[in-house]
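Per-chain numbering from 1; labels A, B, C and D assigned in written order.
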C-alpha cells in the first residue's frame, strides 16, 4: 500500500459518516481510531515525500487534464501536519469542553449554547477532510469544491454556539465565504475558457499575459483574500471567531484561514508566477502591513478576551502576506517562502492554544471580560501558562516558532534591500507584546474574593498547554519542517544566511 | 401559515445605504461590467476544452452520456466531495438552534379532496419518473441528482398535502438512507484500492454497474437530503432533555 | 460575435448585477438571492466555454462542472435560508446589524 | 554525547529542572522547595567548578544544536563565559538562601522560586552563548522570566513597573534582533571570536557596520542601563529585595554589560571597533552614564532607589573599560563585571535585611541603625567602601586598572570622570554610613519580626556577610591564581594578542 496520500482525506470522511450512525460511545472510538489512522497515513506520506520528492496520485486512473490528481510536496505535507496535530488536539480539548458544557447548560452564565453539541464531531471531521483535500488537490475546480466544503463546515461550527451573536456572526461569515468562493469560481471559469485545463501543473505552462488571465487572477485573489480575512476584508472574522464555541474558534483561527492562504501561495507562485508583475506582490505586502497595524491596535482596545485574540488573528494574517513582496528574488526567495509558511505553522499552534486557554477561562468564569480576569494565574495556572507560551510565539520571541518565522522574513527583507518590511515585522512584534501582556498582567493581579468560579475538566487545560508548548518549542525543531518545505518549493536553495557577494 | 413571526419575513427591511454610497456602488458595478465584458470579449473564440480527451476515453467510462462519464468517472472525486457538501448542509441545518413552531400540520389549511386525489395519482408516477431519470443518466441527460430531486419533490408534496407524516431522521434506518449514497460512494472509492488500484479507479469491465450502484444509492440519499433541506431543520432530532428545557423556557 | 460570446457577456452581466445586489441590499434574503444570481452568471460563463461551433458536439466537462456547482449552490442556499430564519426568530430582523444601522 | 559536550547543558539543567519542578509544588511544600533550590544551586556550583578547572587547563566544553539553517545554538565555556557563570552560580546560592528567609510566609512562593530558577538558567545561557543568535535566545528568555519576578507582588504599582520594564526591554531586544539579523546578512554566520569576527570585511561595508554597532549597543544597552535607556531600573525597585539583588548584580544588568563586552571584543574586536571610530562615542556614553547615575543617586532618600542609581553608574565602568583601547583598561572593565556584582548584591542584601527586620526603607530612617544591626551594617559598610574605591576592597582594583588604562591610552579625561565619580560615590554612601553609625536612634523601630538569636534571621544575615567577605577577599587576594583579576588579565591578553 503506497497510496498514503488519499487517506488523510478519505479517513475523516468515513469517520464522519460512521459517527453519525453510531452511538455516542462508539463514535468516540471511531474518531479516535480515525485520528490514529490519519497520523499513520501522514507519516507514510511524509516519508515518501522526504525520500522521493513530491508525490502524485491520479484519481480513478484518469491522467490530467481529463482527471484529477492529488499532489503532495513539502508545503502540502507541512500544512497537513499542521492541520492534523492542531486539529487532533482541538478534538481532545472539545471532549472536555462539550462535556463541561452539557453538564451545565441552562445556567445563565454560560450563555445560550446550542443543544446540538454532538454534531460538533461530524462537522469537525468534515472540516478536517476539507482541509486535507484542499492541501492535496491539484485541480482548480476541485479546489473550489473543497473551499465550499470548508466554508460550510466552518459556518455550521460557529452556529453551534447558538446565541444571537453567534448566529449573526455565522451569517456574516457565510456570506463572506460564499462571495469569496464565487469570485474564485468566476476565475476558474475564465481560466478554463482561456487555457482549457483545470490541472494546476498544466495551467502553469499555459497561462499567458492575456486579459482573461489577468481578470481570473484578480477575482481569484480577491475571493481568497476575503476568505483569508486580509485587511480590509477582515470585517467578518472577529465576530465569527470570538462568538463561536472555543474549540471552533481555535479551528477557524488556526487552520481555516490558512487554507485559503495556502491556495493563494500555490496560485501565485506555481501557476501565475510568469504573468504576475512584481508590483502585485507589493500590493499584497502593503495590505499585510496594514493588517498587522490595524489588527494589533484593535486588539489592544478590546474589552473581551476572545475578541482580543480574534483581532490578533487579523494582525497575524498580515505577517503571512509580507511573504509576497519578499519572495521575488532568487537569493532570498527561499528565506521569505520558508519564513511565511513557517509563520502559518507557528501561528496555527499558538493561536489554537490561545483560543483554547481563553475558552477554558471563559468556561470557568462564565464570561471573558478582560478586566475581570484578575488572579486567573492562581485559578487556572496551566491555562494562563499556555496563553503566555502561545503569546511568546505571537510576539516572535525565541525559541518559539514565531521567532524562526520572524528571523527568516527579516533576513529576506534585509537581503532584498527592502528593510521597511522588516521594520514592520518588528513593530508588529512589539504591538503583539502589548496585547499579550494586557492579558498576562491580570494573572498576577490579586484574586478578587467574590468571583464565582466553576472547575473545568483538566483535559482542556492540558490540550491547550500541549499546543502552546509545541508553539514555544517549534523553534528548536525548525530544521525538519524547513527542510521539508524546500521539497518541491518554487525557490530552491539559498535558504540560510550566507553573505551577500 | 400559523402566524409564526418567522413565517413571513418582510422584504422591505433595512435601509439601503445613503445616496452617495449607492451612486458609488452603481459606478463600481458598471466598471465591473465593463472590465468583465472586456475580458469576456478577449476570450478565444474556440476554447480548447477537454472534449477530445473525454471522447477518447468515453468507451472505457462505463456509460455513454459524456456528462455522466465526467461526473461519475473522470471527475468522480468532485462529485464525491459535492455529496459531502450536501450532507454538510444538512448537518449545518441540524446544528442550528432548533425551531419549535413550524409544526407538523403545516399543510392542513390547503389540503382538500382534490389535492389528495391528485397527489395520490402523482406520487407513484413521480417515483417512476425518478427511477427513469436515474437510469437514463447513463445514456442521456439525467442521473442521481435529477432523480433524487423528483423523489424529494414527491416527498414534500405528500407531506404538504398531509397524506403521510414526515419521516423521522432521528431513526436509525432513516439516517442510513440519508448517508447511504455518500457511504456507498466512499466505500467504492476506497474499496477499489484494496487490489492496488487508485482512488475511485473502477474496474474497467464493471464500471457501468458500479456507476449505476453509486447513482442508485445517491438517488435515495439526495431525495432525503433535499427533503431535509426543504424542512430547514424543523421537526427533527428531538432529544430527551429538550421537552424539559422547553417547559423551562415557557415558565 | 457568436452564441458563446453572447452567453459569456450575459454571464458577466448577471455576475455584476448579483454583486451589486449583494452589496446594495441589506435584506439577507436578497443577499442570498443575489449570490445565486452571481452563481448563475458564473454558470453561464462556464457553459459558454462548452460551445465548439454549430457542428461539433459540446464539451461535456463544463456541463459537469456546472452541475456540481449547482448542487453546491443549492446546499449553500438551503443552509443560508435556514440560518436566516433562525436569525429572524432570534433578533426579529432579517439584516445584519451594520446594514440596519447604516 | 560526551561529558565535554554535555557539561554546558548540565549547567543549564541544574537550575532549569528544579525550576520546572517547583512550579508544580503546592504552596505549603516549602521544605521540598528549599531542598530543590539548594540542591540545584550546589550542583551548579560543582559543575561550574569542574568547568572552571577544565577551561583553565584548556579543555573545550561545547554543545551545538541546529536552530536555523546554517545557524546553530552554541553553548561554549570560554574564559569570558566562565567569569559570568562562576559569579552567577556563586551568587545564586547565597541569593537563594536570602530569598528563602526573606519570603518566608508570603504567598506565591512556588511561582516565585520557579521563575527565579528559570531566570538563573537564562543568565547561564547568556554567559555560555557562543554566537549572537544563542545570546539573543537567552537574552529574551531572561526578559520573560524576570517580568513575573518584577511584578511578583501584584500591586498596581508593581504592575506599572512591570509595564515600564517590558516597554524598555522588549523595545531593546527588537533593536538587537534587527542588528543581529542584519549583521548575519552582511557577514554570514559566525561565532564569537577573540579579537573580533568582522575584520575581514572591506571598507565598503563599514557604513553598514556602524549602524549595526549602534543597533547592537542600543539593544544590550537597555539592560545595561546606559543613559538614556536606564529608565526601567529605578522603577523596577518595587520588586522584592532578592529580585533586586538578582537584577542588579547577577542577571539583567549584568547580561547587558556582558553583551557590551561580547559585542565590542568578540564580534567587532577592539581594534576593528577603534578603526571604525565607535569606541570613543561608547566611552563618552559610559562616562555620561557614570556621572549622571551618581548625581541622581545623591538626591535619593529611598535606599533602594539610591542603590539603583548607583547601579546605573557603576555598571557603566564596565562599558567604559571595554571601550577604552588598551589592555589595562580592559582588565579593569572585565574585572568590574565580577566586582560590581559582589558589592552590589551585598548592598541589596543589607537593604532587604533592614526592610524585612525593621521596616526601614529610607536613608532618613536609618539613624543609629548600626547599633541595632551591627553585622548587617558592617557588611553594608564594606561594600559601600568598596564602591567608593577604598583599598583593599574589590572596587579599588577595578578603579585602579581603569585609571592606569586611561593613562596608558592617553585619555586624561577618563581620569577626571573616575575622580568625579568616586567623589560622588562617597557623597551618596558616606552619609548613609554616618547616619547608621554615628547618629542616635530617633525612636523605637517597629520590629517586623521577633528578635532572633542574631540581630536578624540568619538566612538574611549570612548571605550578606559572605558576600561582604568576598568583597574584601577579591581585593586582598587579587593577584592569586583563581582570582577574578587573573581571569580578566587572561581574557584581555588574548583579546590584545597580535
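Just so we're on the same page, contacts are C-beta pairs under 8 Å (C-beta built on N, C-alpha and C of every residue); 3 or more make two chains touch, one makes a residue touch a chain.
Here the structure is a predicted model, which is why all the values come from computation and not from measurement.
J.: Report which of A-C and A-B is connected by more C-beta pairs in contact.
T.: By the number of C-beta pairs in contact, the winner is A-B.
J.: Between chain A and chain B, what is the separation of their C-alpha centroids in Å?
T.: 30
J.: Just curious, how far off is chain D from chain B if you go by their C-alpha centres, in Å?
T.: 72
J.: Need the CA-centroid distance for the pair chain C / chain D, whole Å please.
T.: The mean C-alpha positions of chain C and chain D differ by 68 Å.
J.: At least two partner chains per residue is the criterion; list those residues in chain A.
T.: 141, 145, 148, 152, 155-156, 159, 167, 190, 192-193
J.: Provide the list of chain B residues touching at least two other chains, using ranges where the numbers run on.
T.: 36, 39-40, 43, 47, 49-50, 54, 75, 78, 82, 85, 88-89, 92, 96-97
J.: Could you list the positions in chain C whose residues touch two or more of the other chains?
T.: If we look for residues of chain C contacting two or more partner chains, we find 8, 11, 15, 45, 49, 61-62, 65, 68, 72, 75-76, 79, 83-84, 86, 90.
J.: Can you list every touching chain pair?
T.: Chains touch in the following pairs: A-B, A-C, A-D, B-C.
J.: Within their complex, state which residues of chain D touch chain A.
T.: Per the touch definition, chain D meets chain A at residues 23, 65-71, 73, 108, 111, 136-137, 140-141, 143-144, 147-148, 151-152, 154, 158-159, 162-163, 166, 170-171, 173-174, 177-178, 181-182, 184-189.
J.: Where on chain B does chain A make contact in their complex?
T.: Chain B reaches chain A through residues 35-36, 38-40, 42-44, 47-50, 53-54, 57, 73-78, 81-82, 84-85, 87-89, 91-92, 94-98, 172, 175-176, 179, 182-183, 186, 189-190, 193, 197-202, 237, 239, 241-242, 245, 248.
J.: For the complex, which residues does chain B have touching chain C?
T.: Residues in contact with chain C: 5-6, 9-18, 21-22, 25-26, 28-29, 32-33, 36-37, 39-41, 43, 45-47, 49-51, 54-55, 66-67, 69-71, 75, 78-79, 82, 85-86, 88-89, 92-93, 96-97, 99, 145, 226, 229-230, 232-233.
J.: Quick one: which bits of chain A touch chain C in the complex? Just the residue numbers, please.
T.: Against chain C, chain A makes touches at 141, 144-145, 148, 151-152, 155-156, 159, 164, 167-168, 170-172, 174-175, 178-179, 182, 185-186, 188-190, 192-193, 198.
J.: Can you check the complex and tell me which residues of chain A touch chain B?
T.: 1, 3, 6, 10, 13-14, 17, 20-21, 57-62, 65-68, 70, 106, 112, 114-116, 119, 122-123, 126, 129-130, 133, 141-142, 145-146, 148-149, 152-153, 155-157, 159-160, 162, 167, 190, 192-197, 210-212, 214-215
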